[in-house]
Structures are given as structure tokens and as C-alpha cells.
């Protein structure tokens, strides 16, 4: 958000600043006014916190996905670091039901998976994967899309034609299929979560490009752009001072919603076995494993799905709230 | 004088918003007689459109008619009475929503809206929409309704009406669409047509055509009109009697000639003086200072006093109701200004207010504390 | 930084004296390429890919316009929507690329300038926009908005700019303390004042005002117009004032140009144009405006039909298809009355404004029973037969209700309308003015 | 000009997109690092000679543009290449598997439309009332839940716990009752529906949620239209206004969304086919990817892309049918 802020205030600050009602603080206030958006923000903040915490606190999981021994993973979360809960080697019990079940135990609130790993810990760690995937891929799409979209929107003409034709074509192949094919091919047949992130990111570049282009085009139509041009402001400054700050907000909303979509797609990829690979605790991948235990342990299939649902819902609620807050029609 | 076609007494319509109650229409009274064109003129925000929609009881939430009485041909469109527990409640003889829909809207009182581009549904043919309204309001069978629709299209000067009947609104120019809307209004054979800024969106030559058309048709059909506009030129051109609105109130009510040539309210006067004229060169315009305040917090006393060149101290205190200040052609000339003797509010003795230079340079309009 | 010394001072006429030509537009054309409507609005917008080759058409928005603007005056440019007046304004400013023609400003041809040279030049020419909502960037403070043109031309330092911006805000009638407010806190009239301050910030000589007051209420309009007048005097400004409202034009302009369908049809000093209009379109415009005086009723729509498409404008005089004074074609012997009847009939047939009737009835309706004599009469008779209900027109597929509208239209237009001088030559005549001494140009063959 | 010309124009416009799809797929397939034949053989020890022979057989030794031209030439004759893995023409395989996928996608759409439109309208007319809140929550859950997880949950409840519906496979009515040993067509129909129900709901939920949101917003907007005001002022009954005046206009964006979302639905079909063991294009694709069967992967991608383009064209034409403004363009 600092981009917009610095655009506004970068001119040797006026002394008696009346609060910028179109600024970010105002937007934030409007988001907080809306109950659903506020809850969305809480959920997003919670998930972000959890994933950040697991990243920072565990020296074992620092080497990212899959490099961590799963037993150590169970140990990694301090609040559950009670000796009685850690099964000594050789006595691992798989498929323990959750705590509220008659056969459950409090030491494994959500039970254990077939390999005897604490399911709660794995779900918590799953946040790390989902959130990084969501944010990193969206960022790739966002940055790539901004470059393509801005170039296309500004220069118009032939460049625009070619780029948009390309975007359209990419649009015509369902994203999930394109991503699977892309991921498998770039990884040379051995898919991995890193390839999935890159694959999703690149596939969404056209989507972002399209959004940004149409935003840029609509801002370009505004009279104040023409006014700046008529005043002899250089093109570069028109882009920097007018176009970017004004087209940024809707794109930001879109990006927020897109994080949810990305998480959804990567979950699907992992579920099919083209994303995170075992033993990485990824929600989609966990669902893939649990698919084989549907008859014996129902719970294994429920928790990861719930986690995905809550996370995505958080981003969606927050995105919707942001959209309402930034909608000029509600600003009057 | 005969019983008027429409009588509006002390009508109040308010909008209940988060920021407070907006008194969009605040106690207006006027009459419309058979065969006359009554103007409702004012600047944007004066409440003239809300007033006209109130007549059909077509105010949408959060707006509501909260007081007054509207009588049309002896029937009560809106009326309140005091209930047994002292609360105001709707009178028994007030028309029900269903009666309003089937008996009043369209077939007794029709409307023409400002924006001919938006008023027609883009996905239906012009003829189909016209026919639907005719079928509904005149109990004609489909085929007859179609014949009538084509007849009306020709009547309002649409060339080749059989062909145009089958076309869609986007195939019509703005002026042609406004003609279609006029055809709709007339085809339902109402006694009263409310025209809400019908020529504002049109070019001047087209405006001229439309005014001429309405004038001819009005003569032919004898329909009464309420003509809502902000344009004094159009008022002078077409209206018989005029109501000037300012901030939810009618400040002056007079036959058209008197309004322009024996103006009794400083607002009307100031409005006329601030207008450049097409028929003679005005070297110096005399603008009204400041901007119209928001209807959410109107000024005390006379609502016009902060901008009024004639304002005196008394104007801040006394809120004038429009009173008869003159008679002309059998119609009374009312004005809501205490400088007239009938008000007897001590205007002459009162101290003139210092002209406040604030307003043009003044504080930006509202909305700061959001 | 040489301009810095001029802070707040009056313009010293650099090389153009007051009353001399500051801007000269010569043969200016602006054509737009029309995208085929066929392809617009598709969901996977393949909109620009040509399907089957559909020829691109040109919208002749401004077509061969010439006039000059003198230093210190206001030239009013008036016309109805779609006549090309805004396009003309933007083309003069070089916000649009001219298709052809010259725009000379202080001796430079703006149409030839490009890139940095053009950008530099922009400090001398500014613009004020119609829409007070979209002409100010909602994310900027009004101080920044007013300073922006100065920054673009490296005028003054930060402090100096702020000082000048505050000075200008005061000049246009705003409180300089509102320097840090955002535009949405201001009303429409106040925003137009910010627009004015922005335009003035670089001390321009020439300002194009595109409908600056048409979005405002009458009482606010007068305030803004008065301010603009004061500023013109104080800063020695030259205005090109574009508007559709003839009353505002009459009040504000010194000279007036009337536009119709991409052409200037009449140009004269204000008093002369309003009191002695010589082009039938100008007359029609003036007759149509409702006068705010009930004792002067009679504002009427004297024009028939609608403005033709600028894709394919009429030849010769652009106004001829609607002109109430279309000149009779040579080669026939008419009385004035006969020609008037024939003209009315021709247009009624073309627009199909009447219901078909028998030949005798048609004759009575349009000609009072007597057809013109000679060849003209024969043509009229032919046409009447084609649209008569009691004549057998054969089984032509084009017929509607058994009446050959198309055939009759073609017959009449070919024989009469296209034979008139109005459709053959483009008019441009100079007229002796009755009011004042300025040049009066009218593009109408009645003055040949 | 009429609908026909519009249709033709639209079909012609689709050609570059279709060509684009083949180009992208072709590039993707050649993006894989290393030697495709070796990858395909997955580390099996094979003589260099054999590899060269295989390469020659598939033309892999020729430059990429030459191979593309050959591929296109074959494609135009309906030949999508040859599946190495299965040693069968790709066209045969694709045609055989397209039926189930189409059946699934079409029924999911039908389900989505039938539920979303009435619910959306209900929400729009009862704005901020309980019905509105409930439908908004349903919509939010719908866009936030992974479709494959919905599938898993449905199987858990209806197949495993309640045992009322089958958990895998589809019945294809075109094979006739005898193939399945059913008593006749009524039973065939009954079984078809029984098998289709769960996957249909799983795949359709996301579409339903999206459409419901759009329907609600569009109806609200349409009901505020000036033409609705006019109809009210002329005494048109509220019911007619809702069903005719407001509804028709509100459907326009729905049609567009239906077309564009086909891409999500086709992608989602891959997941749903996997969860429910349906032998459609999606599963074929997964199998092809695991076996790195290039020609088959390309063939499926091209076919799915084409399905999407055809779907969009169909929706565009129906849009043009309802909205006269689209085909307008040549009057006067």
C-alpha cells in the first residue's frame, strides 16, 4: 500500500494536512466499518500469523516444504510440546480419531494420519504452504500482468493487438488444465510445489494483464489525464502521478480475490498429485492421501477441506469488503 | 372557479438517511386546473423531482411522504388523519396501492422522464413497450392497441411509424425517443401529464421541436401538464402558471406573465438577473451569491436569507409561508417573503444584514466529516 | 526560470499585440476512423480483428475549418451536440492529431510540432474542461493540482509554486487555506474554479474552454462566468469559448462561430451574428431558444428531420438536407410557391411522414391541386403516382404497402435536390455587416 | 444485418484463437527440458538406435516449425496424432471420452442455472432480509469451497454414510439399457440420474454461487433502472416488472458469465472425474500426463480449448439474440 501513499505525499508535504479521504487510512476505516469485511480481515490476519509463526519459530521447517522430517514437524509447535503427546519411535499409532470421538485422545486434538503424525500440527503447517503459494503466485501474476497490461494499455495499437490476442488465447484453455500441463512439462515430469507456484503465477499473468489494461484504459479516458497532457506534463509523470495511483485500487481488490482463487487451484493441483509432494503438509496433498482412507477414517478428509474453506473465505470476504470500500459510488 | 384537477396541500416528503433527515419537499401547496400547464421550476436540489414523484406515490425507500394531502378529481391520493391515540395515520378514503396502480398511474396521471436514453427498455421494441402501456391503461385488445400505438407514433411526428414500431430504442435518436415517451403519455389518455425536465437532455433545435409538439397536442387533447424544469426560458415559453421552488419550498407562485414582469420574490428576481439572455446582450451578470445549502440542515428563518440581497435581520428569525400578495387574471400571486406588507413581520424596521462575502470563496460543500 | 519573474504579473505581449491574430486555424480537418460496429461489445473482445473485410469509414468530425482568434478576445464556438466543436477545440490544442491543415499560434504551426517542442509550447496554451467531476484527479490535493503544470514546465521552486498556487486560488475566488483539500470536498462550481487556477498557473496566453459552465446551475454559472471575465482582463487572456448555450455565448463572446456537422457555417461579431444572422441554420438555432420572457413566446422548432451522419455528410452545403431555404434547382421554371410545395413534398416523401393516399389526395395535400408547370410538374406527377394508393406499381419486391417510397424519393432527389447549387458547391461568402465593422462570413449560397 | 451475419463473423473471429490454442499447446509440449522420447521412456535402458527410430517415427528429429505445420495439416483432417502409450489414434480416444465430460459439464450448468437464477432474484427483491443474507452466505461458501472437497463430502454423506447414491462412475444412456443389464429405458434413466447427481452438484456448486451473486447484483441494478421507474409510473404490476422488464436486462451479463465460466467448469471436470472415477477427458488427461504421452496431452488440450471457444460463441449468439444492440450497426 505504500506505493499509493508515497505517490500522494511525495511532493514536499503540505503543512496542515487535512485527512486524505481517498487515502488508504480512509479505505481501511471503511473496510473496518463493514462487519463481513472486518471478519474477513480477521481471518486473513489469523492465517497469515499462523503461517508466519510456523516459518519463523521452527528452525526445522525453515528449509521449506518437504525438507522437514514429519516427526520433527509434530514437535515443532511449542504449544503442543508435551512429552506425553509425542509418540516415541516405534509406537506411532496411525488413524487416531479426533479428540471428541470416543476413541480420541486430547493429545491429538484432530487425531493422527495413517502414519501416526499429529493431524492438527500438519493442518497448521499447511497454512504456510497455502499462504505462500497464494501470495507468491499472485505476486508473479500481478507483476507480470502489470507490465504486460500497462504496456498494452498505454501504447495501444499494434502492441496492444498482439498482446491481447495472446491473452485471449491463453484464456481459452481452462486454467487448471493449462497449469497442470505447464507444470508437468517445465518440471520435466517430476512436479513439485515450486513448479506449481511458478506455473500458476505465469498462467495468471494474462488475467492480470487484462484487468490492468482495462483499468488503465478507463483511467486514460478521464479528463484529468487530458488536462495533465494539455498542461504539458510528461507521459512518464502522467503514468506515475495519475494513472498508477488511480488504477491501483481496483487491481488491488482483484489481487486479494485472486489469492483465494490461487489457493483453490493449487489445492486442486496438489490433490491430483501435481503440486506439493509428500511428506509436505499441504492441505490439498493431505486430501489426496486421505482420499484412500475415506471408508476407514472420515476425519482425515474433513479437516484439510475445512482449512481451505476458511482461508479462502477470509480472502474473499476481505476482498469484497475492500471492493465496497473503494467503490466510488459508496463514497458519496 | 371550478374544482381543480389536482390539489396539493402542505406536502412533505422526507428521506431518512444515515446522515439525518433530508427534508426534500417541505410543505408545498399548489393546484392544477384542467387544461393548464403548470411549471415547477428550481435549481438542482430544490426538490422539484421528488415533489412530482410524490404525486404518484412513487417515492422509494428511504424516502417517504410524511405529511400533507394530495387530492385528484376528488379522490385522495394521499391524506393523513389523527388516529384515536393521537398518531397520524392514513385516511380510510386514501387510495390503496393497488388502486393507485390500476386507476391513477398511467391512465389518469402519466409521466415523461428527463432522460430519453435510459427511460426505454433496451431489449424490447419501442412499439412493444408502447403497446404494453396502452393495453394496460386503456383495456384495448392487442391488435387495437398496436393500431393505436402506431397512430400515436405518427401523431408525435415519428416518420414511417409502422416500420419504427418494430425497432429498438437504440435505433432512435434522443429527440425521437423523447417523442416516443410523449406518445406513451398521450396514448394512455390521462388527464394530467407530469413532464420531468423533458427537454433538458436535448439539443436546442430538438427542444424547440418538442415544445412545439407538446403545445399543439396539449391544445388538441386538452391535457393538463405539470412541467418540471430548471430552465426559465422553457417556463416562459410553455407554462400558464409557475411555482418556483427553493430548498424544498415553493417561494413564489404566479401566472407566468406576472412571475416575469411583476416578480415578488427576491430569489426569482435574482435567478432572472443571473441568466444571460439569448435575445439581448447582457453586459454584466448579477449572480446569486453562494450555493444552495443542503436540505439536511436548512438555514433558519427564510431559507433563502443567506444568499438574499434584500435580507434583513428579521429574515433570520421568521420563516415565511407563501401568502397572496397580488391578484392577476383571476389567479392569486403568492410569495414567501416577509418584505411584503401582508406578512407584517416588521421587515421595514429591521436592520439589513451585512453582505457576507464568504460563500463563493467559502468552505467547501459538505461531506467533510464522513 | 525566466518566467518566474512574471509571478502574478500581467502578461506582457511577447510578440503579438492586443487585437492582432494570436491563433490562426486554416483548413483544419480531423477525421476519425470508424471501427465497424459489428464487432464491438463482444465478450472475448476480438473486436479489432477484421472478420470479413468491412471497409473502414471516416467520421468527418471537423472538415475544413478556418478562422482566426485575436489576442485578448473571446471567440465563441457554438453548435449542437455532435457538430464537432469539442473535437475542434482538442485538435487545436493538439490533444488530437489533425488530419490536415494548419494551426498557427504566434507564428508556429502547432500541427507540425511534436514531442518535446510541443510539450514546451503547452505552457502557453491551456484548457478548461466541461466535467467538474472527472477533470480533477480525485487522489490529488487541489494545491498539487494547481502546481502540476508549473512543475511540468520547471517554473519556480517548491515554495514559489506553493505561493503562486495560493495566490491563484484566491484570484479564482477560493480560500487559499483549502490548498490541502481533495477535490471531492468541493462543489461543481468550486471545482471549475480549481480548473481555472490550474489553467492560469503557467501564465498562458490562450485558453480553450470546453463548455466550462454547462454542468453548473444557472446561479453558479453566472458566478463562474464573471470570474472568467475578470481573469481575462487581469491576465490578458484569449479564450476560445465552446458552448451549446447561445445565451451564454452571447453574454461571453466577442465574436461567434456557428458549427454544423463539422463545418463553420457562420462567423461574425457577436452583435452582428445575433441581430443579423445570415445563415438559415443560425436563424433556426436562434428561433429555437426559449426566451425567458412570456411576452416573447414563439421559440419553435423550425427545423425538420435530424442531423445527417458525419460518416457520409451531404455534398455541397452540409445543411441543405434540412434547410428551409434550399435554393431551387436551375433548369426548371418555378414560381417560389411551386418550389416550396415541391420541396415540402420531396422531404415528406423522403422521410415518409405521411400515410399513402390516392394521387388526387396527395396532389391536393401538397400542391393545392395544381402541379408545377413543365418538366418539374411531370417529375412531381411521376413521384405522386409512385406513392399513390390508387396506382398499380407492379410487383416490385421493394414496395411497402403497395407504395414505392424508394422510387419516388430517388426520382425527386435526383431531379431536384441534387440539381440545386446547394448540393454542388460548398458555399463560403463574405457579407457586409450591419452591426459593427468585423468580417461576417456565411456559408450559404443565398449570398452568392 | 441479422443474427446470421453476426454468427458468421463470430465464427471467423474464433479461428485465430483456435490457431493460438494449438500454438500454445505445441510450445508447451516442446518446452520440456531434455529429450521427449527419453522422458517418455522414463529412464528405461534403451539403445540410442531405438530412440532415434522412435524420434524419426514421430518426426521429432525435424525442426519445431516443420513439425507444427505437419501437426496442423493432420489436425485439419481430424487427425490429432497417435498416442504412444496406448498405441491408438488420439482422435479415437478423445471422441470416446468426450461424452462423459460433456454430460457432466452440461448437467452441472443446468443445476447451477436452475438454482442460481431464482435464488438470485429472491435475494435481490428481499434485499437485506433473511432470505438475502442466507443466499449471500451460500454464495460465499460456494465460491470458497474446493469442488473436489465438496465431491468428497458428498461421497462421505450420501454414498458411505447413507449409502443411497453411488460414489463412482457414470451411466451413459447412449449405450442402452442392455449394456448395463437394466430392465429398460426407465431404469436406464433412473440410474443415469442417480450416478450423475453427486458429481453434478460437486461441479455445479461453484458455478451456482458465482451466478447467484451476479444475478443478485444485476437484478438490483436493473430494478433501479429508469425504465423500471417508467413502467411503475404507468401502472405495470410489480410482478410483470420483475419477470419481464427487469429480468430480461439483468440476464445479459449472466449469459456472458456462463460462457466465460465454462473454462472453470471444464477445468473442474478434471478434479471431479478423478474424485468420482469418471472416464472422461479429464481422467484421460491425467493418465496421459502421468505417462507423458505428448500427442495425447496436446490432443486433449486442443479439444477442451475448442469446446470452450464453441461454448463462448454459443453464449455470444444467445446474447445477441436477447440484446438487439449487439447486432445493430448498419442503420442509416
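Letters A, B, C and D mark the chains in the order given here, with residues in each chain numbered from 1 onward.
Following the convention adopted for this analysis, a contact is a pair of C-beta atoms (placed from the backbone, for glycine too) under 8 Å apart; a residue touches a chain by one contact, two chains touch by 3 or more.
Keep in mind the model is a prediction, meaning the values are calculated, not measured.
Minimum number of contact steps separating chain A from chain C: 1. The chain pair B-D and the chain pair A-D differ in C-beta contact count, and the higher one is A-D. If you average the Cα atoms of chain B and of chain D, the two centres end up 54 Å apart. A straight line joining the Cα centres of chain A and chain D is 25 Å long. Residues of chain B in contact with at least two other chains: 367. Contact of a single residue of chain A with at least two other chains is seen at positions 21, 165, 168, 171-172.
Taken residue by residue, chain D touches two or more other chains at 16-17, 325, 328, whereas all remaining positions touch fewer.
Interface of chain B with chain D (complex): residues 56, 58, 100-102, 104-107, 110-111, 113, 115, 118-124, 132-133, 136-137, 168, 170-171, 181, 184, 188. Chain B contributes residues 43-44, 154, 157, 159-160, 162-163, 173, 175-176, 203-213, 230-239, 256-257, 259-261, 270-272, 274-279, 281-282, 285-289, 291-292, 360-365, 367-368 to its touches with chain C in the complex. Against chain C, the residues of chain A that register as touching in their complex are 4, 7-8, 11-12, 14-18, 20-23, 161, 164-165, 168, 171-172, 222-224, 226-234, 237, 241-242, 245-246, 328, 331. For chain D in complex with chain B, the residues that touch the partner chain are 225-227, 229-237, 245, 248-249, 252, 322-325, 328, 331. Listing the residues of chain C that touch chain B in their complex gives 80-81, 170, 173-175, 178, 181, 184-187, 189-190, 217-223, 225-226, 244-248, 250-252, 270-271, 274, 284-297, 299-303, 306, 351-353, 355, 400-401.
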